[in-house]
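Next come two complexes, and both contain chain A; in the first it sits with chain B, in the second with chain C.
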Partner chain A sequence: MADDLKYGYKGAEPTQSFGNNTGVFDPNDINNLIADNKWTTFGQLELIETQTSTNGTSAFNFLNLGSYNVHFVTFTNCKATSAETNMALRFSNNGGTSWIATGYQFAYWFGRNVNPLEQKSTNSAFLGYAGQITSSTVCGGYFYVYNLLDSSKYSFASYQSEATSNTTQYSFGSGVLPTAETHNALQVTMNTDSLVAGAVVSLYGIRYS
Partner chain B sequence: MAGQLIQVATNTVTSAVASVTLTGIDSDDVYMLSASGIVVPASSDGQLRVTVGGTADTTANYDVAYKGLRADTTFSNISSTNGTSFGQVFQWSTYTTSGITGNGIVYLYNFNNASEYSFITNESSTQWQNGVLGMQGGGVHTVAQACNGIQWFGSGGNITAGTFTLYKVV
Partner chain C sequence: MATNLEFIKSASGTSVSSLSVTDCFSAKYDVYTVVGRGDFTNSNAFIYLRFLDSGGSEVSASNYDYANLVMESYASFGESRTTNADHLERIVYSHNGNDFGFEINIYNPYDSSSYSFCQWQSGGRSSLGLVGIKSIGVLKQTATMSGIKIYNPTFTDINVSVYGVK
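On to the complex of A and B.
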């Protein structure tokens, strides 16, 4: 559509915003307004990608993060191959060519009926842990991840999980990679061992966040 | 549409403001507040209040209980009754190192229902001097009234940056 007929209007064009789109729109208009977070679409929890484990999967690499301030990661049906392990995150600053393996900080409460305890680190190889599992237990949970794509801010996360053991276990915590840079790929992994087939990990973006 | 979020209101702060108010709660659905990239002055906590008719309710009817998660020292249990806000829903660093921001998610329950109290649960992540600092817990405003939104304010001064968005969970 010609610029002098922007949104079908001659002269002053109407201001566009979420919930208030006025005029006639061609596909380019819509794409531009979506990119500017000004196009009204309902459903702001947007699935980016889902991955499912095969036997021996040790990491789920998400190389496309879209353009969101807040991401939401879910993991379900996670079961270890042989050893006790924990679900965790790593970030990349080079599109997933390599994964940052130092400097993460985390603090989480590990709840269980016997000996619940605090877990913490100021310099870890992983951001976590969430969902402790073995070859006979299963976990699920989520991470909210903040500011990954903002080069001026640290990347933060908050998370919760639930696991079956002899009795139930849960965890809730927070973490950060205290480096102000763009983290343009995300890895859901575990601190040791791998998973059996059937674990499902999904990455969502929360639009307008 | 099940399992979706619908944006209700949003505010991106780019210059100093004392508070951010997001309204538009008009149904009995659960609502979710996303807050990210928030910068406040030193020694300031991020706190929340319900709004009634768009105005923050400052009456002393807020009860809260949170676990303070810290990477550098022992965790803390934070609780109070009859406060004038939901308290340290987000607790911030006293350090203004570039890159440190406040971030979190708050779920809002029963806000629209005039015959029920308004409840929240929250999780947050920021950084203290030597490590990550998280707050997770819940609160209740013990007044049965219809609340149409939420107000975020810094206890120690103006907010200078951040994005706040209120969603309906459907």
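On to the complex of A and C.
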């Protein structure tokens, strides 16, 4: 549409913003407004990528984080190959070439019907643990992850999970990598062992966060 | 058909002692997710929350109950609980320059026949290390709420976004 008829208006054009789009739009207008976060379209939990394990998968590497301030990660149907292990996060500051393996702080509550306990670390190789699993335990849960792409802020996460075997277990907690830098890749991993086929891990961005 | 989280409104501020998100609740949704992040200038402080009533005024009556599990990476966990408070406490515990992030799920705030319940989880960092908080809370008023106010420390920067859950 010619510039002198922007959004169907001649002269002063209406201001566009989320929830307040006024005028007549051609496809280019819509594409430009989407790119500028000014086009109203609902569904702000935006799927970035889903990965599914094969037998022996020990990590899910997400190298594209989009441009979000808050991310949401779900993991379902996670079952260990042979040993007891725990779902966790690691971050990268070089696009996934390597994964930061020191300095994470976390605290979480591990609930179960026998001996529930608090767990904590001031210098861990992982951010977690979210969800303990075994070869006979299936686990699912989620992480909210904050500030990964903000070079001026620490990267935080909060998480919750549930696992079922002979008993039901749950955990919830928070963690941080107290280094203010851009973390441009995210790894969902476990502290030992690997997963059998069929675990599904999805990364979402929360737009406008 | 719209599904999942639907963005309603965000608010942000720098060098402010509070941040209100007004007129973010409506009859369109029963459940809301709020995500926030930022930093503040105070030493080892909590963030508080109050609801805003249908006229946009703070609800400061002593009708709030809450319970928290405070999870520190460097010390034993602590429980806290209060009835008939004039705010919801321990949304976040953090420290000058150490940043924070939180999510809050809010139930029935616009329903004039229901209490406004919420649960939240956060990560902050005191001068000693990570502090995670897991909490439940309620405003015991059967009244329509229109928004929220986040306050207590002086925020260096803060950004809060409200989503309706479909």
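The criterion applied here is as follows: the second predicted complex is superposed on the first by the 200 of 209 C-alpha atoms of A that agree within 3 Å, B and C clash if a C-alpha of one lies under 4 Å from a C-alpha of the other, contacts with A are read in each partner's own complex, and residues count from 1 in each chain.
Here is the rule we use: a contact is a pair of C-beta atoms (placed from the backbone, for glycine too) under 8 Å apart; a residue touches a chain by one contact, two chains touch by 3 or more.
Computed from a prediction, not measured in an experiment: that's the story for all the values here.
Q: Should the pairing of chain B and chain C on chain A count as a clash or a fit in the superposition?
A: clash
Q: For A:206, select first, second, both or neither according to whether it touches chain B, chain C, the two together, or no partner.
A: both
Q: After lining up the shared chain so the two structures overlap, which partner does A:39 touch, if you call chain B first and chain C second: first, second, both or neither?
A: Neither partner.
Q: Applying the document's definition of touch, where does A:170 land relative to chain B and chain C: first, second, both, or neither?
A: A:170 sits against neither chain B nor chain C.
Q: Just to be sure I read the superposition right, which of the two partners does A:142 touch: chain B = first, chain C = second, or both, or neither?
A: Neither: A:142 stays clear of chain B and chain C.
Q: Is A:25 touching anything from chain B or chain C once the two structures are fitted on A? First, second, both or neither.
A: A:25 sits against neither chain B nor chain C.
Q: Where does A:157 make contact in the superposed view: on chain B (first), on chain C (second), on both, or on neither?
A: Both partners, chain B and chain C.
Q: Hey, what residues of chain A end up touching chain B and chain C alike?
A: 18, 42-45, 69-70, 105-109, 118, 120-122, 144, 146-147, 153-154, 156-158, 160, 172-176, 178, 180, 206-209
Q: Which bits of chain B are touching chain A when the two form their complex?
A: Residues of chain B touching chain A: 1, 3-7, 10, 34, 36-37, 67, 69-72, 74-75, 98-101, 103-105, 123-127, 130-136, 163, 165, 167.
Q: Would you mind writing out the residues of chain A in touch with chain B in their complex?
A: 18-19, 42-45, 69-70, 105-109, 118, 120-122, 144, 146-147, 150, 152-154, 156-160, 172-176, 178-180, 206-209
Q: Can you name the residues of chain A that touch chain C in the complex?
A: That would be residues 18, 42-45, 69-70, 105-109, 118, 120-122, 144, 146-147, 153-154, 156-158, 160, 172-176, 178, 180, 206-209 of chain A.
Q: Would you mind writing out the residues of chain C in touch with chain A in their complex?
A: For chain C paired with chain A, touching residues are 2-7, 10, 35, 37, 39, 69, 71-74, 76-77, 98-103, 121-125, 129-134, 159, 161, 163, 166.
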